[in-house]
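Here's the structure, in structure tokens; my notes come after.
Residue numbering begins at 1 within each chain, and the chains themselves are lettered A, B and C in the order written.
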């Protein structure tokens, strides 16, 4: 054996990993009081607050399970993967963005929930359930989804005598925005388009148009008429002079909830929870109208965000952890409570028929916003996320930022360069053109 | 004939015992990682799932990796923006602080050096406040002077200068102390002799101080070069490399590739490549220096 | 009218004082901002025009930090890690530096020393991932050891100590001790170490700054809240959506003060040590 191969063997020997753990099985005879443990959960923001609020009712059922919520979203992906790789430091349960879920499922470091969770397969929208499954095994439970609409400040539009009810398409929206900016002498912008961070808007617009970044087979499918439509819309918004440049989720952004710098926010349902949380005294001043369509009669909703819960393999009290996951995600009572208190739109389908959805919401000027958000949800196209979604979106965001700054490329050129870049960076082939893609779609 | 050598080694066993901790630690945390990293350059691995041998494909990807080159370009630009003012400032401060007539020396020295002692994360957060778009101190000040507001951290064109200002603030004191040490190492006899020959202050600076300070300048340049390439905390906290990728330097890009994307193989590949070029650049600086003294 | 030489010099000196004073104020301004922000109410941190002087001074920000974060634990962790790292590194470097300086006839000494110098060229960035993997295998992730040990054998430190030992430790001193029957380690401990004090002070402060402020490595190897160091706690607070800026500022002051105080105390020794070890080659 040569010296080189000894070294190579040493090197590889250290890197060999144990294989994934056994699927979680819970005997049916286990009584709720027999579940025991101290469960630590990673979560963020209003979602964390929501999980916290579910603890007392949960403990009435499972008196011997204690739950602690760690609220911190900073660089969660890195921290979570580092803990998985090091096999130490992961929580018992973690919240994840639904779009990140496939990234973690493939690692084999999450608990296989198939045996305990498969009975819920039909309880959730298929497009969300799909993100929780990898190679036929279930690794996550869907939590909330992010149907989109436009949040607006009623006071501003009343002050300038502008009617938002006439907005049907994005062109109408821009026209109203121009009127608003003109009447307020440029003080009030219609919306916030952060040139350095347009990924969220891009995702909303892309999913609304039915476009994709990947196709079902995981190939790069960003080169499409839908993407072009999306980019053209972004370009129009940027060039119309109705947008302000504030980084989303920065302190200035949250401060804008209370001021009159920004009039509307095209965002997902959970955004309402953020407003209620950061600017509780603005209640009643807000309203919601449906997302403007690309064309008259077009789809007036989209999706942004939404999350899942997962259980890392390191969790030592899996039964207790599962008890909490199941309670929080799969009981209508818990899911409705989370929507009521924190605007987390339930992924659990059975809740959408609840009369609760037709109640007026005082914070949003007594509008029936929950029903509004639930409209046409099943028409939102399924996004094929793959394991590279987060990385791909980062490249998209960087390219968009450069594009908005330099203003050299046309949307079509930008799209083509993105296609090439993504294919190369992610080592994935480019999908055949749109017509062929529809035929050749094999899962 | 081996015998005397072994004997000599045995006689100096303390020497080997005293230096062995270094070599043991180096083997575990230096040599082995170095070899492992080299191996990783040829595989695809995320630290979680099994490795895959991919040959040279990491290197091929690197050649087409636009963000990699952007990060190198950003590193260069940031370096060019902050190193010259920092060097000039540090040298000026060092010369002034080295003057015998100066009072309050300790006070000035402390004021200029304290940024070095401060945790980078704290520095970056304070600068985030100062750089705030609407409510930041600097834009308020600029407004008072009838300028701005400047998009310090929200524009692709401004992020690099903003980072550079922070770097100058942070590292001038460090270089100042090194240069001060260098100045104090210059024997006063040279100056005496020059004065007798009738050289004025500027001439003494040009013909004595600058040439004799060359080793210090070389040391500071190499440290700054390496520091800029592998800088991390500064951009990680202040801009996260943004907007877009406009302030992503190589260190941050490497960290993101390693511990956000978990592309261990590719990360090792770019780390090795850049380390090679940094090494060559350092050699070049040393060579220039040597040819200058000859 | 021509100014006399001494008037000219006087003017130049005044100009130098003004320049230094302006620069000192500029350099201290972020500290001032940090300090006053730690005593402001949250609204005051972002109010326009900026609040230059908090009114009233709120100590409650500090109370909130102690109450709502693990700052005390983090402080202890930071102290243990910084002191542990510093002590270990100083010990190893001075020991090896002494050996390289004072055993000129040990076979292979020069080659070994050249090797040590060569390792300085290896940037930490290349070994980042493998060291993480090694620590995983040693089950050292999320322990103090992961922060203390990997950087402790610093080639730069050895070089520094060797330089200082060569110039300041006299051979007759060592020989005298040997005649008295001291063991070699004893010589290092009782004869050499006391002489090395200034060099140790300077190197120690440099190591302390690096270790106390280390964010990246802490982020990678410290995995649970009870192990976090101060920079990590502050970083994680800062990234939170509901960024409690008034608390971050208070925590930042607490993280900054120890080293600032230490530096002000040891400033003279530090500068002296740096000067003594000034780069000579």
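Everything below uses one rule, namely that contacts are C-beta pairs under 8 Å (C-beta built on N, C-alpha and C of every residue); 3 or more make two chains touch, one makes a residue touch a chain.
These numbers come from a predicted model, not from an experiment.
Asks: By the contact definition above, name the pair with the higher C-beta contact count: A-B or A-C.
Replies: Comparing A-B with A-C, the pair joined by more C-beta contacts is A-B.
Asks: Would you kindly say which chain has the C-alpha centre located farthest from the C-alpha centre of chain B?
Replies: Relative to chain B, the chain with the farthest C-alpha centre is A.
Asks: Between chain B and chain C, tell me the centre distance in angstrom, where each centre is the average of that chain's C-alpha atoms.
Replies: A distance of 16 Å separates the two centres.
Asks: If you average the CA atoms of chain A and of chain C, how far apart do the two points sit, in angstrom?
Replies: From the centre of chain A to the centre of chain C is 42 Å.
Asks: Quick check: what residues of chain C touch more than one other chain, meaning two or more?
Replies: Counting only residues that touch two or more other chains, chain C contributes 46, 133-134, 220, 235, 238, 245.
Asks: Would you give the residues of chain B that are in contact with at least 2 other chains, written as numbers and ranges?
Replies: 36, 47, 132, 134-135, 259
Asks: Could you say which residues in chain A touch two or more other chains, in rising order?
Replies: 14-15, 75, 78, 82, 85, 251-252, 255
Asks: Considering the complex alone, what residue numbers of chain C touch chain B?
Replies: 13, 16, 19-20, 23-24, 27-28, 30-31, 33-34, 37, 45-50, 92, 95-96, 98-100, 103, 105-107, 109, 112, 116, 119, 121-131, 133-134, 149-153, 155, 158, 184-185, 188, 209, 212-213, 215-216, 220, 230-231, 234-235, 238, 245, 248-249, 252, 255-256, 259-260, 263-264, 267-268, 271, 274-275, 277-281
Asks: Would you mind writing out the residues of chain C in touch with chain A in their complex?
Replies: 46, 132-137, 139, 141-142, 219-221, 223-225, 235-236, 238-243, 245
Asks: Hey, which residues of chain B end up touching chain A in the complex?
Replies: 35-36, 39, 45-51, 61, 64-67, 132-135, 151, 154-157, 242-246, 259-262
Asks: Spell out the residues on chain B that touch chain C in their complex, using ranges where they run on.
Replies: The touching residues are 5, 8-9, 12, 14-16, 18-19, 21-22, 25-26, 28-30, 32-34, 36-37, 40, 47, 89, 93, 96, 99, 101-102, 106-123, 125-127, 129-130, 132, 134-135, 137, 140, 169, 172-173, 177-178, 180-182, 184-185, 215-216, 219, 226, 229-230, 232-233, 236-237, 251, 254-255, 258-259, 264, 267-268, 271-272, 274-275, 278-279, 282.
Asks: Using the touch rule from the top, collect the residues of chain A that touch chain C in their complex.
Replies: The contact residues of chain A facing chain C are 14-15, 44-45, 70-75, 78-79, 82-83, 85-90, 249, 251-252, 255, 277-278.
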